[in-house]
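As C-alpha cells, here come the structures.
Paired with subunit B in one complex and with subunit C in the other, subunit A is shared by the two complexes that follow.
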Partner chain A sequence: MRKAKDIMLSDGANNAFSSLFAIFIGLVFGFIVLLISNPSEAVQGFTIILKGGFNTNAKGLGQVLYFATPLIMTGLSVGFAFKTGLFNIGAAGQFIMGAFTAVYIGVKWTFLPAPLHWMVAILGAALIGGLWALIPGLMKAYLNVHEVISTIMMNYIGMYTANFLIKATVYDSKKALSMNTAPSSVLPKGGLDYVFYNPLGNGKDLSTVNSGIWIAILLAIVMYIILNKTTFGYELKACGFNKHASRYAGINEKRNIVLSMVIAGALAGIGGALLYLSGANGRHIKVVDVLATEGFNGIPVALLGLSNPIGIIFSAIFISYITQGGNYMQTLDFVPEVIDIIIACIIYFSAFSLVFRSIIPRIMRFRKDKAAATAEAEAAVAGGEQTERREQE
Partner chain B sequence: MDYIVEMLHITKEFPGIIANDDITLQLKKGEIHALLGENGAGKSTLMSVLFGMYQPEKGIIKKNGQEVRIKSPNDANDLGIGMVHQHFKLVHNFTVLQNIILGVETTSNGFLRMEAARDKVIALSEQYGLMVDPDALIEDITVGMQQRVEILKMLYRDNEILIFDEPTAVLTPQEIDELMKIMKDLTSEGKSILFITHKLNEIKAVADRCTVLRKGKYIGTIDVKTTSKEEMSEMMVGRKVSFVTEKKEAEPGETVLKVENLVIPSKNHTKKAVKGVSFEVRRGEVVCIAGIDGNGQSELVHGITGLTPIESGTVLLNGKDISKASIRERNCCGLGHIPEDRHRDGLILEFTLAQNLVLKKYFTPDFQKNGFIQFKEIDDFSQKLIKEFDIRSGQGPKTIMRSMSGGNQQKAIVAREFDVDPQLLIAVQPTRGLDVGAIEYIHHELIGVRDENKAVLLISLELDEVMNVSDRILVIYEGELVADVKPDEVTIQELGLYMAGSKRNGVSS
Partner chain C sequence: MNIVFLIVQQTMFFSIPLLIVALGGMFTERGGVTNIALDGMMIMGAFTSIFFINQMQGSMSGQTLLILAILIAVGTGMVFSLLLAYSAINMKSDQIIGGTALNMFAPAFAIYVARTLQDNGVQQITFSNTFRIPSVPLLGDIPILGGLFFKNAYITTYIGFTILVLAVIVLYKTKFGLRLRACGEHPQAADSVGINVYRMRYAGVVISGALAGLGGLVFVIPTSTNFNATVAGYGFLALAVMIFGQWKPLRILFAAFFFGLMKTIASAYSVIPVLATASIPSDIYKMVPFIATLVVLAFSSKKSQAPRAVAVPYDKGSR
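What follows is the complex of A and B.
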C-alpha cells in the first residue's frame, strides 16, 4: 500500500496522471457545452467524440494518425523551445513555409528519383522552417527582442508569403488548392496500408496515413535524446533556465538561443512537409488568409505533453483523435461552429495539466499526513509545558 | 512571562528532509533574540514558518499568549511581523521607493500618493543612516544597498517584531556597527528582534538571549552574557571550532595574474567602475581586495573573468594575454571563479545538484562521449564532491538546487571551483552566508590552494576574513586601488579608513 503511494508521488507518474486528469476535466467541460447547445443529442454527440477515429473503423484510426503527424511536429517545435526557455508562437508561420517548400519541391523537382525526391522535399521544408525561426532567434539573442512578438509577426509574413508563392508557382486554380505533388515525392506507406483500410468490395478504401507518422515519432525520440542525453541539450536547457549562469560557465548563450529557435522552426517546417506530401487523396494547401491551425494547436499539444517529446506523441494523437470525433458529429444536428467550440474547449482545458501537476501531489501528501497530524497535534500541545520548564532552568 | 511571540514544537518537513524537528522559540518583548545554527540547520525555514511562507506540519504559534494561524506573509504583516530575507524579495525593475511601498501603497481615489511615502522613506533613511536613493532601480544598486532597502521596507511598515535573516553578511564593519546601534535603538523603543546569524561576535555584541539549532533540532536557549563564544559555537557545530586560520608564511613565486591599467565602464553611470587598476597576483599567495560594496570590485572581477567586456588595459594569465579571450577559454586556462551572486551567476537553480557540479566540466571527455552525457560518471563525480565537501541535501545528486539551503548551495559552488584545480582562484565573498564550521573549512581550503603553489584572489567585505586569510591586502575605493599593505602591518581601523577613502598609501596607479 505504502509502495503504491510512493509510485503515485513519483515525478513521472505525477506528470502522466496530471495530463490524464486534465483531459478528464476537458471532457467534462466539453460535455457541459454540448448539453447547453443541444441537450437532446448531447449524450449521443459525446459518444461520437469519445469514439473519435473508431467511428469509421480502421481507416478512421489511420486518419487520426495522419492528422496527428503535423501536430506532433508543431508540438515538438513549441515543446523544444519551451524546454530551452523560449516561447515559440511562430509554429504556424514556420509550418506553412515548410509546407510550401515541400509542395514546391514535390511539384517542380521531378528530376529527382523516388526516395530522394521526398527526402529532399522534407529537408527543404526543414531548412525554410528553420530560416523562418532564425530571424526571431537572431533578434532575441542580439537585440533582445522578445520572441513572442517577433514570431507572431513572422506568422503573418509567412502566411502571406506562402499564399503569394503558391499562387505564383504551384496553384491549381480549378480547385483553388495547391497542385498535386509528383508521385515520387509522396511519402511511402511504410507498411501502414496493411492495417489502416476499410474493405471496399474486393479492394481497399485506404487511409491517407503514411510513413510521415514514423518520421514524426522518430524525430520525437531524437529530440528526447538530444534534450536529455546530450551535452548539447544540457547547454540548451542551461541557457533556458539561467542565461547568466550559462555565460559564467562559458556557454555561448547567444548561439544557443539562435540554434534552439532554428531547430524549433525546422521541426514545424517538417510538420508542413509531412502533412502535404501525401498524394492526391491527402491534404492540399488552401490559399486562404488564415494562420495554419496546426501551428497554434502545437501549443496545447506541447502543454498537455508537458513539453516532453514522448508525451507530445501521445498528446498529439489524443487531440487528433478528439478532432476526428468532432468531424463525425456533423451526422447529428450540430452546427459546425459548435463542434469547433466543443473541441477547442476540450483541447484547451486539457492543456491545464501543468496546474494539476502541482495540485495532485499536494492532495496525495495531505491525505497521507492527515491521520498522523491529528494524532500528534494533541501530543505537541501537551509537550509544550515541558519545554518551558526546561528553559527556565 | 511576557512573551510576544512563541513558536511551540514546530515541525516542518520537505521531501527527504526534516527541516524543523520539534523546535520551540520564545521571543520576549523588547529583546534581541539570536537564532544560531549551521547551514541547513533550519533557521530560515523556522523564520519562514513564522512569516507565513510555509505551513508547519505540527506545532503552534502564539502572539501575546493567543494562538494565531499565519497563512501568508500578509497575515504576518497584520500581526506586526516583518522580515528581511536572506535572499531578498525585491522587484528588480522597480525603484527603491516602489519596492518599499509595495503592498501598503498610500492612495487617494485610486491614485498613488507617492509624496507622503517618499518623505517617510527619506526620513527613515536619514534617521538610520541607510543612505538609499529612493529613485534608484533595484537592478542598478548593489547587493548591500538592496539589503538596506529590505530593512527600510520593514521600518516603513512599523512592524513591532522584526526578523533579520543574516543581515550583516554584506555590510562593512562600520555599517555593521551602525546596524547594531539601530537594532538596539529599535528594542529600546519596544520592538522585538529575531536575529539570525552565524557570527558569534554580533550575537555577543547585541543579543540578549540565543536559541541554538543543529541539523533541524532544538539544542537549547542560552543567556548570551553568561555564555562564551566557544561554548556557543560548540553547541552549534557539535564540536570545537578554531577561529584563527593556521597558516605558514607565504612564499610568493612567479606572477600568475597580471592586470595592467584596467578600465571597465560602469553599467549604470557614465563614469568608469574601474579606473586604470594595475596589480599582480603571484603563485603561493592570497591577495585580497578589500573595500566597501559597490566600489568596483564586482566589475573588476567580471573584467578578469570575461563576464563584462573591458574598455582598455590588459589581463595576463600565466603571461598569456586573455583580455579578449572567451569565458570558456579563460576557464580552461585555469581560472576558477566563485561568483558574488550565486543565484544569478553561480548556479542553475532548476538543475539538479549533479548537473550544477559539472557546469564547467560537462563537455570534457570524462563526462561526455561523442556529445552524449555520461550519467554514471557524473553521478560518481557528484557523490565524491558531496562527500568531500559535506554538501547536505535531501536527495543527494538528484536534489533540485533551488530546494537546497543557501549555505549548501555555496558549498556546491566552492566544491565545483576547487575541483577544476585552478591556477588562479578568484573567490568573491566565498563565505557569505556560511556558518563558522563552513567558514573555517573554506578558509582552510583557500590556504590549501595557496600552499599548492597556486594563486588566490579573494574579494571580501568582511575585515575579519581579510585579516585572517590574506597575505597581501589591496584596498579598492571608487574604482581605484588606494592601498597595498600586509595584514600584519595594518589594523582593522586603518583598513576601515582606507576603505572609506580618507587615507591613501603609495600605490602606483
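What follows is the complex of A and C.
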C-alpha cells in the first residue's frame, strides 16, 4: 500500500498523469467539435480517430511508425533545447533544410556504395540542420536576440531556400515534387517488412516504414544518456535551470547555448532525412510556401513527452496515430484539420499542467500528518520554480 | 513618378497592419504578458470578418460593410485573446507555450470551419474588394502628397494612424497607461500601491487581441481577394517590429515602415524596373523581409529595453 502511494507521488507518474489529462481534454474537445459540425456522424468519426492506424491493419500501423519517425526527431530537437532553457520553434526550417540536403545527396552522390550512401545523406542532413540552428544559437548567446523570434525567421528563410534549391537541383517538374533518390540511398527495411504489410493476392502491400524508426529510437536513447549520464548533459540542464548560477559555478553558458541549439538543429535535420530517404513509395518534398508541419508538431510531441527523450518516442507515436485517424476520417466528409485543433487543445492544457502537478501531490499527501508540512514547503518551492518547470524530469 | 506612387501605396498596405499589430503587441508586453499568438489572433480576426464580408457582400458594399467587418475582427480578436489571458494570468502557465497552442489552433479552426460551412467545401474564402477609395475628396487633388497618401487608399490606413496617436496618448498620458507600464516593470510594486495587476494584464492582452484581429483584416483586404487561413507569418514579423521599435509607439511606426518597404520589394519587384531586369528568383525576394528582420534584431537586441517583468507570471505570494 505504502509502495503504491510512493509511485503515485513520484515526479514521473505525476508528470505522465498531467500529460494524459491534457490528451483527455483535447480529445473531448475534438469530439465536441465533431458533434457541432455533424451530430449524426460524430461518434463514427471519432471512433475512426481513436482507431488511428488500426483502420488499415498492419500496413496502417506501419504508416503510423513511418510518420512518427520525423516527429520523434523534431520532438527530440524541441525537447533537447527545452532542457537548456531554449524554445526551438525553428524545427520546421531545420527539418526542411536537412530534408533537402538528404535528398540532394541521395539523388546526386550516386558514386557512394549502398550503406555508405544513406549514412552520408543522414550526416549531411544533420550538418545542415545544425548549421541552420547555429545562427539563432550564436545570436542568442552573443547578441541577446530571443531565440523564439530568430528561429521563426529562420523557418521562413529555410522554407524559401529549400524551395529555391530543390527547384534548381532535384526537382521533378512533372509531379511538382522532389525526385526519387537513388536506391542505394534508401534506408533499409530493418526487418520491418516482415511485420507491417497487408496481404495482396500472393504478394505483400508493404508499408513505407523502414529502419528510420530504429535510428530515431536509438538517437532518443543516446539523447537520454547524454542528458542524464554525462557531465555535458548536466551542464546543459544546469544552464536551463539557472543561467546565472551555472555561470557562477564555472559553466560556459554561452558555449552551451550554442551547442544545445546546434544539436537540436541536427536532430531536426536528421528527421528530414529519415522521412524522405524512403524510396519511390515514400514521401517526396512538396515545393509549396507552407512551413513543414513535422517541425511544428515537434512542439506538442516534446511537451507531451515532457522533454524526456523516452517520453518523446511515445508521444510522437501518439500524435502520428491520431493524425492517421484524422486522414481516414475524411471518408465521412469530416475535415482532417480537427486533428490540429485537438493537438492545439492538448498543448494549451499541457501548459496548465503545472497546476495539476502541484495539486495532485497536495491531495495525495494531505492525509499524511507528518508529511503535510514538507508537502506545503515543496509546493511553495514548485510555485517559485514555475519558469523552470519544463526542465523537470 | 508613377512607380514611386505605387511603391508608397504598396508600402502602406504592408506597413499599416504591421503597425497596428505591433502596437497591440506593445500593449500586452508593456503589461507584462508576452503574446506570441499575435499571428493566430490575426488569422482569427481576418477569418471571421472576411467570412462576414463573404456572406453579406450581396446586400451591402463599400465602407459600411468594411466598418462592420472591422468591428467583427476587433471583437473576435478580443474574445480569442481571453484564452491567452486566462492561461497566462490565471493559470500562470508558460506564455510561449500557451501562445503556440493558439497559433496552431487558429489556422486549423479557420480551415475546418471554412470547409465545413462553405458549400463547395474549399478552405479559401473569396470576397470582392469594394473598399478601395480611388481618390479622397479634396485631399487627393493635392499635387504629389495627394498621389502618395490619398489615392488608391483604404480607410484602414487612416484608422492605423489614428490608433498610433491613441496609443501614444493612452500609454504616456493616462492613468491607465502608467499603471499598465508599472505592471510590466515591477508588478509587486504596482500591487503594493493598490493596482489590480491581474486586471491590468487582462486589459493589455485584450487590447492586443483587438488590434491583432483588426490587423489581420487590414492585411488581407488590400493585398488579396481571398483568405486562405494564413497571414504569411505577419504576426511574427509584427513581434520583430515591436522589438526593433523597442516597445515605443513612434519607433514602432518607423520599424513598421522599414519592414513594409522590405515586403513591398519582396512582392512588387517585378514592377520596379531595376529589380525586374535582375532576374533573381522570386524565392530569394520572398526571403528579404525575414533576413532583414534577423539583421535588424542582431543590431537592436543587445541593448534591449524590454519591460522587465515580461513573460513572468505574477504570483501574489512570491517576492
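A few points about this structure:
Basically, the second predicted complex is superposed on the first by the 333 of 393 C-alpha atoms of A that agree within 3 Å, B and C clash if a C-alpha of one lies under 4 Å from a C-alpha of the other, contacts with A are read in each partner's own complex, and residues count from 1 in each chain.
Please note the rule applied: a contact is a pair of C-beta atoms (placed from the backbone, for glycine too) under 8 Å apart; a residue touches a chain by one contact, two chains touch by 3 or more.
Predicted model only: the values in this text are computed from it and were never measured.
With both structures placed on the common chain, the touch criterion links A:303 to subunit C but leaves subunit B unconnected.
After overlaying the two complexes on the shared chain, residue contacts for A:24 are found with neither subunit B nor subunit C.
Of the two partner chains, subunit C is the only one touched by A:164; subunit B is not. Of the two partners subunit B and subunit C, more residues of subunit A are touched by C.
Of the two partner chains, subunit B is the only one touched by A:245; subunit C is not.
Within the superposed three-chain model, A:143 lies in touch with subunit C and out of touch with subunit B [touch as defined at top].
Legend: residue contacts after superposition of the two complexes on their common chain; A:340 is shown touching subunit C, with no touch to subunit B.
When the two complexes are superposed on chain A, the residues of subunit A that touch both subunit B and subunit C are 380, 383-384, 387. Of all residues in subunit C, only 36, 83, 87, 91-94, 96-98, 100-102, 104-105, 107-109, 111-112, 115-116, 233, 236, 239-240, 243, 281, 283-284, 286-287, 290-291, 293-294, 297-298, 301-302, 304, 312-313, 315, 317-318 touch subunit A in the complex they form. The residues of subunit A lying in touch with subunit C in their complex are 33, 37-38, 87, 89, 135, 139, 143-146, 148-150, 152-154, 156-157, 160-161, 163-164, 167, 289, 296, 299-300, 303, 335, 337-338, 340-341, 343-345, 347-348, 350-355, 380, 383-384, 386-387, 389-390.
Interface residues of subunit A facing subunit B in the complex, by the touch rule stated above, are 229-232, 234, 237-238, 241-242, 244-252, 369, 373, 376-377, 380-381, 383-384, 387-388, 391. Here subunit B touches subunit A in the complex through residues 8-9, 11, 22, 24, 26, 57-60, 221, 305, 307, 326-332, 337, 339, 344-351, 355, 359-360, 362-363, 367-368, 371-373, going by the rule given at the top.
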